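Mind looking over this structure? Questions follow.
Read from first to last, the chains carry the letters A, B, C and D; within each, the first residue is number 1.
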């Protein structure tokens, strides 16, 4: 490759005198003038958000930041137990569990809703949206697959984040086609199965991020960002009140079935 | 360990009906009411920030989010080249390079300023602060060690983030002892060596985070959070305009000295 | 969960006096008596390998350990640039790129051959194997998908590892159904497309591991193990003769198209 | 940087026809002819090992591969719980905990013994070695620091790996200065404190690796390699008999002190 072909980056540039992010001077035009959420939108989306977009994105990030002592938080805290000198290693270990089972739902939902909306066509009527949702749900049921964004192992009746997110999207005028399609999916599923699975918090976050204009492929990145705040909080707590070592000691002391006591 | 000894977590709790973060109901009291920066402060610090604290923390996070095609960004993008199915792996790889050479300076500076302030004693006069800074700088120079927070390989005369951060801290009434001590350190160093090394952006961020009340041990976590936003942006760009594969191909085609051409 | 339900582990146990791995005393029965390759087979497979199995597994691990300055090696070395204090972080970063594009082929091939063999039925004749391979290749071609284990961006005519692995498998009497099926797949592909894509080294490794009795789901783990040796070697070299920092500096100095010079 | 300055790598090279590792043809001269342990020695050390060196290195790798349900193994298994699609992520998470508290001892011991041997001078007599060890132990005790390589939380009287490793080193004629110095350190510590702390398995591994000629800076890499085999074994078990999810569920159901039941 010759230097002329080098793709470079449109995100930012640094010279001896200035740092530029998406064309704005970091020190003069961004620091003290935009929130971290606005900067995140600008960095990833390439343009500054409106006030409404910022409010919805803040709600999404707030909704995903922490969910208690999840497997990924336990992994991060146990990693800190062995390598307290490397905070970045413990955070990285925590992020590595943000895969298909938990946070991947954010992305899966956004991809699924894109399918629904592709089927529904441009500017779909509620009826077309319902039909497209019905087709997509039928296909999933026929394939024995789960519907992305529906159901939660703990919040069995209702995920408290869902109604709230719809209200905020409504208030900000950003209750777009993806959030509408997700409701249509939920209704179609209930109609077909007789079971009322709640729209979960990861699913509604994925739909809201898609309505904010982010491609399905990158929405998991927002979940990773949000979760990083939670992981850092858990690691700060681990420094003061460790549970990694006690958890390990407890497990170490157990006798598995069919094994002699240690 | 019996269950009664289990330390648990004070960060949050999830039940079938609600999610609680630091005692506030996530859906009703946090989503749509606090920004992601406010939530981060609450999660890690345990209390809600004032408006001034939020503004300073936003400035810190904005200042650290992106610095162009750094080694950690290249590592993340090259990881994505091999494992595009695992966005979390690429982000984690990017964070793993946030160690002692680059982002570790945030933590090193906060630790160093704590030493200076311990030496200066409670409510120190400007003179005591200058003396304590002088002692600490002397000790570092005698040990042949670098002064954390001073100097930058690119921003040799002035780091554009520094003056801006001091101005924001001043405006918000949060120009505290750590930021003052860092200036005293810079002055002491110039006095002793005749060289005017600029206070760098990582150093001023570490001092500001310490003035916000965060222990030195956790401040690197804020840098990791900020950098995650930058990494996600670079990975979004990598999806559209890859540079990992071209960079690899280019390196692969090179002949190292003393090696036969491939 | 009560303690009685705890699944525990059958891999190993530690008491004050002894360490047991898969039922053997680590100090007395394993150290000095088995090679690391034999221990790896025992750890993952649950039983000690025969001499022939050890020889084939050694060949597989040797074949996968290093492939020069790959994207994952570059990622590891660039991570070391930023965090030289955390060797484990640099190795982890290197492993994170061992995904679907490169090393994932080992697993993909093993999964694909399992499909072929399921179709061929127990103790298949060469003709049944050829038919089953033909069906599987047809299905992939119809779906516009690549055939796992065939083709290599660099070794376009022949991957030097392939013929050698078949010879070793033959010599050890372990040229089993998976390796045979992979040849049948290659022949079927050539017949249908007229193109002679070589069986690649990752594919032949996946087939050999499957013939050694390992489930497709875990064979990528052997590739990760082999690659760890290569990564550690590259990091040892990075300590002596760094290329992470020069590579970063070089990239930093480039001007991307349409951007002003820094 | 111009291409002429590019450091390249001396580890290996790939062309369309051949793969070369440390100057040997991978297919013809290494596969089927060297064990994975021999290749590892060659990759990292740059030269082929003798039979004796291979036997000692095998013993070291075997001794470090698995230690039961350690914190790092738990972290890897909990990461797999959330991201089963990314085996490399779970292995990486497991390696990230191989830091200062556990596996770092391998490196710390090698560094410490280098200090002792630097003090003792070239070809030291047993008395000089004892004196140098005594000085180093005194310095550590005076600083309130632990002696690297001594003591183990579980193996309080004797680590079963230690005597065995010394025997193998003796049999192979490789009981070098580092292993001798470690014994001198242990004796000096017992003499000064009256407490007989056992030489631990990580310490003896670090000393043996140093006697094999590897610099202290890289010996942790061998521990990471060995541990990768153990991690892959645990992840294979996790696929069949998961304990990540049950462990999480159990923790989730607990009430921490002072918190209301969920």
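Here is the rule we use: a residue touches a chain if its C-beta (ideal position, glycine included) is under 8 Å from a C-beta of that chain, and two chains touch if they have at least 3 such contacts.
Predicted, not measured: the structure shown is a model, and the values here were computed from it.
When the C-beta pairs in contact are tallied for A-B and for B-D, the bigger tally goes to A-B. For C-D, the matching interface among the pairs A-C, B-C or A-B, defined by over half of the contact pairs being the same residue numbers, is A-B. Here the C-alpha atoms of chain A line up with those of chain C after a rotation of 180°, rounded in steps of 5. Chain B and chain D have Cα centroids lying 31 Å from one another. If you average the Cα atoms of chain A and of chain D, the two centres end up 37 Å apart. Rounded to whole angstrom, the centroid-to-centroid distance between chain A and chain B, based on C-alpha atoms, equals 23 Å.
For chain A, residues that reach two or more other chains under the stated contact definition are 6-10, 13-15, 68-69, 83, 85-86, 88-89, 92-93, 96-99, 103, 252. Taken as a contact graph, with one node per protein chain and an edge wherever two chains touch, the assembly is complete, since every chain touches every other chain.
Taken in their complex, chain D has these residues touching chain B: 3-4, 6-10, 13-15, 83, 85-86, 88-89, 92, 96, 252, 254-257, 259, 262. Contacts from chain C toward chain D in the complex involve residues 1, 5-19, 21, 25-28, 30-32, 34-37, 39-40, 43-44, 55, 57-59, 61-63, 65-69, 86-89, 91-93, 95-99, 103, 107, 154-158, 160-161, 163-165, 167-168, 171, 215, 217-218, 220-222, 224-226, 228-230, 232-237, 239, 241-243, 246, 249-250. Within the complex formed with chain A, the residues of chain D that make contact are 68-72, 74-76, 78-86, 89-90, 92-93, 96-104, 244-245, 247-248, 251-252.
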